[in-house]
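Got some structures for you, see below.
Below, subunit A partners subunit B and then partners subunit C, in two separate complexes.
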Partner chain A sequence: MEVFIQQLINGLSLGSIYALIALGYTMVYGIIRLINFAHGDVYMVGAYVGFYATTQGWGFLPSLVISMVVCAILGVVIERLAYKPLRGAPKIAVLITAIGVSFFLENGGVLAVGAKIRTFPNVFQEVQYHFFNGSVVITNRQIVIMVVTVLLMLLLQYIVHYTKTGKAMRAVSHDTQAAMLMGINVDNTISATFAIGSSLAAAAGVLVGIYYNAINPYMGIMPGLKAFVAAVVGGIGVIPGAFVGGLSLGVIEALVSGYGQSLYRDAVAFALLIIILIVKPSGLFGSNVREKV
Partner chain B sequence: MQWKKSFVAAVSLVVTASLLTACSGGGSKDTAANAPVANEFVIGGNFELSGGQATFGKAAVNGAKMVFDKVNAEGGINGKKIKFVVLDNKSEATESTNVATKLINSEKAVAILGCTTSGDTLGMVQLAMDKKIPVLSTSATNPKVTVDENTKKTNDFIFRACFIDPFQGTVMANFTLNNLKLNTAAVLTDNQAPYSKGLAQFFKESFAKGGGEIVADEGYVTGDQDFKATLTKIRGKNPDVLYVPGYYEEVGKIVKQARELGMTMPIMGGDGWDSPKLTEIAGAAALNNTFFSNHYSSEDTDPLVVDFVKRYKELYGDVPDSMAVLGYDGALIMVDALKRAGEPNAVKIKEALAATKDVQTVTGKISYDEQHNPIKAAAIIEMKDGKQTFKDKVAPK
Partner chain C sequence: MLLLFFGLVSFGLEEGFIDDYYKLNLFLICINIILATSLNIINGMTGQFSIGHAGFMAIGAYGSAIMTMKLGYPFPVGILVGALAAAIVGVLVGMPTLRLKGDYLAIATLGFGEIIRVIILNIEYVGGAAGLNGISQYTSWEWIFFLTVATVLIIKNFMTSTHGRACIAIRENEIAAETMGIDITRYKVIAFTMGAFFAGIAGSLHAHYFYTIQPTTFGFMKSFDILVFVVLGGLGSLTGSVISAIGLTILSAFLQEYAELRMVIYSLLLVIVMLVRPQGLMGTAEFSFAGMRRLYERLTGKGRGTGNDTAVG
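This part shows the complex of A and B:
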């Protein structure tokens, strides 16, 4: 039982990271039906911005905010330069561009900051909390990761449901043409989506930097893919789906490593993707929408 | 349509022409080999200047440059200077093949120094054998590098400056059983690194042979960052020691997360741990009670070591790690062979390397055995408050 609780904690803290990245994936997909493969690399940039902020002596919260702001701008720039000119182009062209942007960020990152690993300064002292005679351990860093994830998720829900931008986002996602006729500025709404999604990825990057304490320019590839799986599992385009998808993926990975074989972990994650695509392609939280003809 | 046809014709013309020139180019290269000997030794360097093992490659290049610069400053070998051309393999085996191809074809290297890891070195073994260019790896510890796995024959063009995995794995198994008097172990292997698998295999074999018991055998892959689930599983088996023969980036995270989970047992590994980054990632306190086998210790009081450490510090400002020492030693072995070969001829250099005997290097007096492995001792390092301390020296039997 204690081992199970420990694995649950391990899984939830890992899953929180996936969830934060998956939220951005799902928002962008929801609004322009684009799988933004560069999203994982925005997360990497976020980690680096956080790294430079903390090494300048900034605390945890200021670094988190700076990183989110910088990546929000980056997200908008990427959208304006790489995706907007292709609006109306075939889906596959935009998808390939996204892969291009991903490689650009990774290798540009290597050029700009070097390929070596960076380690974060200790922004807050680690505290461990023990339960069941020390057989269940949780650290304050894990708690911070989970709390920040939940808060950001709630903030996002608020933005999407109760603000003007959020309402515009939902309208554009529902029917772009009709939204445009109703006087909604579609371009600005799409930019806002990229800004919000990218800032969430940046938050995940900073949290990872602080939790695992080592970052490198290629760190976005695997979590990016996993978050994509999480978004699809939860129902791509559905915000609570991405959140639940991310957490469940983290927990499943922890349980596979803990009770099965550690090397099957990634295989199970992608097997899950395939099964979901076969059984319920719209994802756990997705509703069946018929393609408009 | 007409236009299309003429385009195809033009393309095929260009292709044929380039094929023809390529052939004649090859022909003239053959005659160049018989032409008067070049007036310099071109030594290629195939190293990890970026990527996961970048600190290894850079340190090795620093060490090697010290030797080559000194030889050149003293007038070279038979009046011929050494030209050391270093290219970056980005810590990837496939890129290592590309780098070796470039060094041999474009730079006309007569011998190659590098790489630092077994995986990257294995990436150029076949190429070097085909092109008949000797390779001296500074720190590839996997046996497969110099011995063909299937035929069990020595790869006659491949050499190394370090000891091999069976030795490292065995040393740590014996150290655990005999010095620490601990009998159960868990092993956590990087299944993507031949180096890690090699060490793990020989650790497990020797540990079992010496009467110990392996209670858990888990794996991960390079680039992983969350190990808590696997570590929780290992914690449940309650082993006396945890053996993690990986590279510093993942090892640092593993040690950090293991201590976070309240695992206080000794954690041990091999020379892949040797980097200042290890302390940065894991934190000094987490690394207490960890041990690893290494090629040398900068704390060793042997005058040769003391002198080398002093000169390296003056030049680069850092304490040299094992990779720097092995880069230096590799270059010493190479220069010794170049002197005996006398001219920049790849086959003669290979024969001279194979005949290496009693070359005095920082890590010991080196002679090659039949499988091109140097015979020398291993140092065991204990981490104390983030600093490496010299614990013991274990000589080969």
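This part shows the complex of A and C:
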């Protein structure tokens, strides 16, 4: 039982990070139907920006904000340079461009900062809280991760539901053509989506740096793919779905590792993806979209 | 012409004109041609976006290595078993996943590729993370040459056959193809299985040339490399796949010393080609001698240029 609760806690903090990345995937997919493979690498860039900001002596919150702003700009630049010219091009071309951008960021990152693993500065002195006679441990880092995730999630819900940009995003995602006819600036709306999604990924990057204390230029690949899995599990294009999907993926992974099968952790994530795709392709929270002829 | 080339290279290898470095790259080119053309059946001809091709290659490599190394069968049996094992997994993977479309299929195949890698990583019998070492080097120039030529010819013939045309119809418009009475699922599975089969052959050639195989060799990066060949050459163009497999292998040989730079150039190249020519260098055009003559006539001013973007085809 203690093992279960411990892994549940670890899983929820890992899952929060997946959820933050998954939100960006799901928003971008919801609006332009693109699996933005570069998203995982934006998360990596976010971690590095956070790393440099904290080594400059900035505190946790300023570093987080700087990282989010830089990545928001990066996201918009990627969208404008690589994806916008391809609007209307075959889907495969766009998907491959996304993979290309992803590899560009990874290897450009290696060129720029070197391939070695960096140790993230200790922003918080680790404090451990013990429960159940010390058999269950929760650290203040895990609490910070979960709190920041929930706050960002609430902020996002507010943006999407109560601001003009958010309403435009929902309209474009529902029907791009009609939104355009209604006078919504689709290009700007898509850029805003990329900016918000990328800044959430950046936040996840900083949090993961704090949690694991180590970052490297290839760190975006696996979490990126898994966050996509999380987005699909929750129903891609559905924001609460990405949150739930991320958390459940994190918990499942932690449980698999906790019960001694850590080598199969990645396989389990992808097996989950395939099962969901086969059984309910629209995801847990999605609704079926009929194909138009 | 092919025989002449084969003879020249054999002569060069025997007399030592072609040293080990060139030999390595020549072999890599051949393996990459097989991989690129086999993925082209799935992605190019049938329009199913698969990005887990390295998984099939891994099965071929491990399957054949187990046969020759652990069980002591001769090399041809190894190749055959490796390829068949990959094909069987191809059917198993294809049946459920090919119901998915576009992006979802891409991500599912990616998932399968990773699952295959993780499973191999966890089997002690094949060395786990350390991989299999001490595989005999059976892959000779004769083997690799004839298998490459055979692969390309078989795929070429398949492409112009009834079945191949059915696959192309699926690529062009799935719903229309189904309305015309084409059994889409069947053809998708056929294409998928064929692609896996030839990837398995490439895998066994790879294993029996490099003595050693590791699960990490067959990760997402490898799948991506193969995908780049196909996309850069033009989805649906065998000639394109062959040309880009040759070109990119040579390019990466030159950039060997700058591994990161190589990937940066690779990815930039990919993005630029997609932006400028989303259909790839060759589009769906194929090399043919008639096309070459038309091109020649146009260049020498005998024929009338039509202003098409490519005359090859």
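Definition applied: the second predicted complex is superposed on the first by the 291 of 293 C-alpha atoms of A that agree within 3 Å, B and C clash if a C-alpha of one lies under 4 Å from a C-alpha of the other, contacts with A are read in each partner's own complex, and residues count from 1 in each chain.
The criterion applied here is as follows: a contact is a pair of C-beta atoms (placed from the backbone, for glycine too) under 8 Å apart; a residue touches a chain by one contact, two chains touch by 3 or more.
This structure is a prediction, so every number in the text was calculated from the model and none was measured.
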Where does A:His130 make contact in the superposed view: on subunit B (first), on subunit C (second), on both, or on neither? first
Tell me which partner A:Asn213 touches in the superposition: subunit B (first), subunit C (second), both or neither. first
Regarding the shared-chain residue A:Thr139, is it in contact with subunit B (first), subunit C (second), both, or neither? first
Looking at A:Val110, would you say it contacts subunit B, subunit C, both, or neither? Reply first, second, both or neither. both
For A:Leu225, using the defined touch cut-off, is the partner it touches subunit B, subunit C, both, or neither? Pick first, second, both or neither. second
Go through the superposed model and pick first if A:Ala267 touches only subunit B, second if only subunit C, both, or neither. second
Which residues form the common part of the subunit A surface touched by subunit B and by subunit C? 110, 115, 263, 266
What residues of subunit C sit close enough to touch subunit A in their complex? 43, 49, 51, 96-97, 99-100, 102-104, 106-108, 110-112, 114-115, 118-119, 121-122, 175, 220, 224, 227, 231, 235, 260-261, 263-264, 266-268, 270-271, 274-275, 278-279
Contact residues on subunit A for subunit B in the complex? 3, 6-7, 10-11, 13-14, 110, 114-117, 119, 122, 126, 128, 130, 134-135, 137, 139, 208, 212-214, 216, 218-219, 222, 253-259, 261-263, 265-266
Of all residues in subunit B, which touch subunit A in the complex? 50-52, 54-55, 90-91, 191, 218-221, 223, 225-226, 228-230, 232-233, 236, 249, 252-253, 256, 260-262, 277, 280-281, 283
Within the complex, which stretch of subunit A touches subunit C? 29, 33-35, 82, 85-86, 89-97, 99-104, 106-108, 110-111, 115, 221, 225, 228-229, 232, 263-264, 266-267, 270-271, 273-274, 277-278, 281, 291, 293
